[in-house]
Amino acid sequence: MANPQDYNYNFYNVTFPAEYVAHVEINRPEKLNAFVEEMWQNLALIFRKLSHDPNVRAILLTGAGDRAFTAGLDVQAASQGFLTTPSSDPARTATANKRHILDFQECISAVEKCEKPVLCVLHGISFGLALDLSLSCDIRFSTTTTQFSVKEVDIGLAADIGTLSRLPHSVGNMSWIKEIALSARVFGSEEALRVGLVSRVLGGKGEAVGEALKLAGLIATKSPVAVQGTKEILNYSRDRTVADGLHYTAVWNAAMLQTQDLKDAMLSGLQKRKATFSKL
Amino acid sequence: MANPQDYNYNFYNVTFPAEYVAHVEINRPEKLNAFVEEMWQNLALIFRKLSHDPNVRAILLTGAGDRAFTAGLDVQAASQGFLTTPSSDPARTATANKRHILDFQECISAVEKCEKPVLCVLHGISFGLALDLSLSCDIRFSTTTTQFSVKEVDIGLAADIGTLSRLPHSVGNMSWIKEIALSARVFGSEEALRVGLVSRVLGGKGEAVGEALKLAGLIATKSPVAVQGTKEILNYSRDRTVADGLHYTAVWNAAMLQTQDLKDAMLSGLQKRKATFSKL
Amino acid sequence: MANPQDYNYNFYNVTFPAEYVAHVEINRPEKLNAFVEEMWQNLALIFRKLSHDPNVRAILLTGAGDRAFTAGLDVQAASQGFLTTPSSDPARTATANKRHILDFQECISAVEKCEKPVLCVLHGISFGLALDLSLSCDIRFSTTTTQFSVKEVDIGLAADIGTLSRLPHSVGNMSWIKEIALSARVFGSEEALRVGLVSRVLGGKGEAVGEALKLAGLIATKSPVAVQGTKEILNYSRDRTVADGLHYTAVWNAAMLQTQDLKDAMLSGLQKRKATFSKL
Amino acid sequence: MANPQDYNYNFYNVTFPAEYVAHVEINRPEKLNAFVEEMWQNLALIFRKLSHDPNVRAILLTGAGDRAFTAGLDVQAASQGFLTTPSSDPARTATANKRHILDFQECISAVEKCEKPVLCVLHGISFGLALDLSLSCDIRFSTTTTQFSVKEVDIGLAADIGTLSRLPHSVGNMSWIKEIALSARVFGSEEALRVGLVSRVLGGKGEAVGEALKLAGLIATKSPVAVQGTKEILNYSRDRTVADGLHYTAVWNAAMLQTQDLKDAMLSGLQKRKATFSKL
Amino acid sequence: MANPQDYNYNFYNVTFPAEYVAHVEINRPEKLNAFVEEMWQNLALIFRKLSHDPNVRAILLTGAGDRAFTAGLDVQAASQGFLTTPSSDPARTATANKRHILDFQECISAVEKCEKPVLCVLHGISFGLALDLSLSCDIRFSTTTTQFSVKEVDIGLAADIGTLSRLPHSVGNMSWIKEIALSARVFGSEEALRVGLVSRVLGGKGEAVGEALKLAGLIATKSPVAVQGTKEILNYSRDRTVADGLHYTAVWNAAMLQTQDLKDAMLSGLQKRKATFSKL
Amino acid sequence: MANPQDYNYNFYNVTFPAEYVAHVEINRPEKLNAFVEEMWQNLALIFRKLSHDPNVRAILLTGAGDRAFTAGLDVQAASQGFLTTPSSDPARTATANKRHILDFQECISAVEKCEKPVLCVLHGISFGLALDLSLSCDIRFSTTTTQFSVKEVDIGLAADIGTLSRLPHSVGNMSWIKEIALSARVFGSEEALRVGLVSRVLGGKGEAVGEALKLAGLIATKSPVAVQGTKEILNYSRDRTVADGLHYTAVWNAAMLQTQDLKDAMLSGLQKRKATFSKL
């Protein structure tokens, strides 16, 4: 079992509700789970640790409280940063901005780079950073009352922590992507499901978290060699030609097919029994 | 206010129905807005001018008349070009063809390259070039009676002005893309919405144009720095890896976050009032 | 007419049910059309031959029997290969594995590389290799009772014959792609249609094969120059930037617009009669 | 023969010293051929015209006078532009800057995009823009007294009109590229030849221009289909994988091998006589 | 020892002059080793077999006789193909041409795709196809009297079997590449060495073959896991970004570092003795 | 002035010999500066700090002692890691290996990612990791007695920390790259200079360090906005198409041209005096 003590970070509850399953809860409900800098730094620390933790095979990310997955950036807190200028020289300010954005992106991308699948439940208010963050996850569920918005144009900027780079590779309706990104309008789960932003809509937060934990639990029973390879190859292929994806897959599986898991999974399948797999 | 006199081009009506909103109407309704060469040359001239016009922040493209957004290429007119051969040497003819296609593509791509978001309403007959053209736009609306068709195979050629290059990056159902491109069959708005070719279907042309103008008007009230950055980054990311998209976004926003708009938008948000933004 | 004698391969029935239409039937119904090595080697031989056969313009791929398009890899047969290790040295085993995977991939990719459009009907059990194979086809139909599953994680491996490389370029819902690839859960046609994996769902196998043959027949009446160019450009553009897609299209059509087909198709269109096209 | 009247542009002498050969001379020797905006705009107009002129098959670019190919940007003239700021808003200034740079780049890239091979002779002072410009040419000659410098860091900017994007694809010594780009030190022809920036060093300007004209003349006697294809494919392949280069070449030559030139060249080769080729 | 009987192909002598070393000699000296179609088909068959032959670790490719590595395509033989037109329809002829070029390219690329390093000695006349072929090899030696020429423009075509796609990735002087490809001029070994086309120039054919065999023999004593990985990663990285190259290398070596060879090589290095490696 | 106390890391001396110049010396001369894990971890920490240190504008990397820049990996120390196997399951071992390689690569790439230019002097023994490391630097100098070797094949592996991914983008002679990488033979500075691996060869270590410090000092006097932009754009362009390089440059300079440095540098140039620039 993973050690909860290893995951003691401000603004997060990390628990292990089932074997090989981690649950990361963003925990600032009194502020609708809005993000201050320490939160995204800690997010990266948590997911980098989970990535190599042999006791973890699937992860669920949710927000505490009934009202919001996250309302996005804590604008009040961030406004100090945004409203002061690092330098009177625009090129020097640009350099400081670039470093800051790259650092912030890197934190959110830690979720995508985590070797284990990450599921998330978007419930209630899911604005701005909620999209950046959930698009770094592998599987997105929402509820009948989720309110989504790519909010950034309304605070005078183009979303820069991942939403605009990942949406065109996650959703198959470019007209819709541009409509919601350019208008910042709020939309609901029915629309999110129809265009392909989420893969399931559940009744309420409780039900959604339950279903997500069930799916995480299912994934965690499978060979971690197979599961982690599947995540890696899908992400690699998403960004490249089919030919490059195929070739990479062959090199990847050249090693991975040598796993004992394959033999165990195959035999247990033929013998109609359940296999267990050693840690990875 | 933009000057309508600057946009006096044959086959087009260009008007400015709201602040910062331009409306470009293809105006050859007696021929179902079918395109002759002067039309695509003028289209490029108009959109290149709109791209840098500080009085314009959102653009709507529609077709005049009730019957068609556009029936596509004016085949009768084009047939002269297609049926005569520039040279008896196939390599020299190929060179002439390539130059001609690249020139034609460049005209249609001027819509995509326009720095401002372009919405379009596909109504009535929307064949062939209607797809090439609308896929160069950012947001596509249609009506309950729109008839779409990727018509080109029926005149003996593979669509070469953009449809085949942009469809796989705009719609998330490759089986459907190939079905309609290989068969040239006519399909309607319900199907277009389901597969993700359009983002909204409205009752009739009037209603669709009204909604599109409303959306264009909304976008035009937002920071042009934020809006134009959003369009640019989405188009850049669509074509590249997520990693490259993120890096480009950081470099782009290194400058753009220095805008006064961000401060104004953020403060007006916190203070629940409406911001206005200087020209871009 | 193509010569059926040229297509006499174990495990396949190849017939020519209409002019310019080939029908390839996977024929091992007693084993749910599960694949042994000879079957994928023969598949490649058949499709490489069809690719250049001037008597063929559209191809339908189906599975014999009522129960399955294909249940995937014949695990019992494959298990011998999977369970024996080519070498005691993991690097040498990796080399053997890589060669084997690349060879297997090459066989399945022969369907994608075939110059003529390939339609397929997924009916009944469509597990594992059924996805790899159908994603190499251009157009996918299914029936109301089709059972799909990306089954590979359940036998301890990441799918490596094409599913993971092609899904992100074929379906516009990354959350769903990861859900079904990581969980191996069975899903049906309604879901497949909604997310964009298939473009049509028909009542039963008979109806589906009938509709697919009708569509194949329609495509076969069109100019093969136009049809094959459309397939080629869509596949090229899927993998590349819009700019590269456009440029490639211009170079491709520089030659292809010189075809007599274009003149014939255009004139027959203007004159409301039907054109026929010479072999390609 | 091309018509010199068509090429009457300020700051340039365009002559046609031999059949199918154009000679473009930058003509502002009293200012060491330093560039003002009109000059790069005219450069683009000239090369776009030459690109499609059937009477031109090879082009030589040189600078008038004994002292300089070009001393680069006319800093005195440009300083007005550089020292005034388009807007007090850094984001709006950035937008204006980006448009200006893209426009300037487009002008210099017109030389690379010209379908015909462009040779250049770098003599005397060849600073800053001299590199951007010559790297857009296909073949570079210099003289024993040429003084090269990537001068831009010395005026406080990273070279942005092409030098930094083209050097890594033109010269095979990255250490040297960075040394001269970061230090702005002046270097001579011996060094330029050793690292691969030029392909020949001649004694003086006269001799260099003579040799370049001889080479241009030789190229102009060859099949323009073969010559222009060679330039195109080399530029395409430089930027892409070998696999993509090969595939593009096959599609390109699918049309180009149909030329009468190939038959004429081949037969004249076998029959030891000289072929002539029709215009392109 | 590899079995010479397995390599009995017209126009080639295949011998095994040292342990793990194969020597492939193009054997049509009476025609200056000029290529007819059977020759490139056989070349591919030989190199595909060598690629997987566990008794081969390094390969030398040379041309029989004193006069030529190869004079290139047998133009007299090819002229029949070039001078007859497969179809009166330029699009159909283009299709036939494309298939033919892709097939021919595939044969030459079999040398690059061969898993084992291929050295070649270019001696005497080395025109046209000699470049295409040697650029598919890994290491190129020449002699003081080698005469090189990218001859294709002189027969009216752009070189399409690999020279133009591989030169920009093999030689670091783009000006020189274009000069010799556009002029077809003959050049010698001194120039080839200076620009980086070959890595060594030896006195005569005998000496060059001797040195090449010595180098092949040296490579053959090393771990085949290390050697074949080095070839693969260099080719992969040549075509991609440094970041992609690094990532691929990590995945490749994840398996390959598990080899016994590493332990044996490392220990034998520490113990100053010679390791031997099992077959691959 | 940068604070030497901030750079107190085992195995390194970091000094600041001139304004804005840092000198990083690998300091394990008694072991020929061979690397143990702590050394590459510290290297990354040092260069990440230097990257953002406003008191540093140019960096020199050298090795302590007379005998070696570095003899590479400390094989004796590493052999423990290499010779023990993390898991009996080859797939689990592969996962551990991949993580280890990616971590090691990341440390060495920290030099390339450092925003400031990094020069290095390769003296004496420069084997294995010496190449990986120096290829991550921007500018390479060597001495008349430097002994280079891509040593990795001799210990049974393909070099995986950067050499194989960066060589094809740094040196313009692929035949030579493969020759030295496949044979592991030792070569000297004359050869390194000829093929383009280094840009200068100096008499001895003292002279080389002196010249490198002079060049670093010169670079440090220039606008850091211009210098850092030049490094960034060259690295970006090296990996991408010319078109993408140009576009990125325009977006980069859209902000950077707004620097006061440009005005200061330009005016001081016109006024023949020396500019100073504020920190970055």
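Order of writing sets the chain letters: A, B, C, D, E and F. Residues in each chain are counted from 1.
The criterion applied here is as follows: contacts are C-beta pairs under 8 Å (C-beta built on N, C-alpha and C of every residue); 3 or more make two chains touch, one makes a residue touch a chain.
Just so it is clear, the structure is predicted and the values come from calculations on it, not from any experiment.
Listed by label, the chains touching chain A and chain C alike are B, D, E, F.
Two copies of one chain, chain C and chain D, touch each other, and the residues they use overlap strongly: the shared fraction of interface numbers exceeds half. Chain A and chain D, compared by their mean Cα positions, are separated by 48 Å.
Note: centroid distance chain B to chain C, computed from Cα atoms, is 33 Å. Computed centre separation for the pair chain A/chain F is 35 angstrom, with centres defined by C-alpha atoms. Looking at chain B, one finds that residues 90, 93-95, 169, 171-173, 195-196, 225, 238, 240, 243, 251-252, 254-259, 261 touch two or more other chains.
Of all residues in chain E, those touching chain D in their complex are 75-76, 79, 82-83, 85, 90, 93-95, 97-98, 101-102, 105, 109, 112, 152-160, 162, 164-169, 171-179, 181-185, 195-196, 238-240.
Contact residues on chain D toward chain A in their complex (touch as defined above): 90, 93-94, 243.
Across the complex, chain F is touched by residues 117, 138-140, 169-173, 195-200, 215, 218-219, 222-223, 225-227, 229-234, 237-238, 240-243, 245-247, 249-259, 261-267, 269-270, 275, 277 of chain E. Across the complex, chain C meets chain E through its residues 52, 89-92, 94-95, 99, 225, 228, 255-261, 278, 280.
Across the complex, chain D is touched by residues 248, 251-252, 254-255, 258 of chain C.
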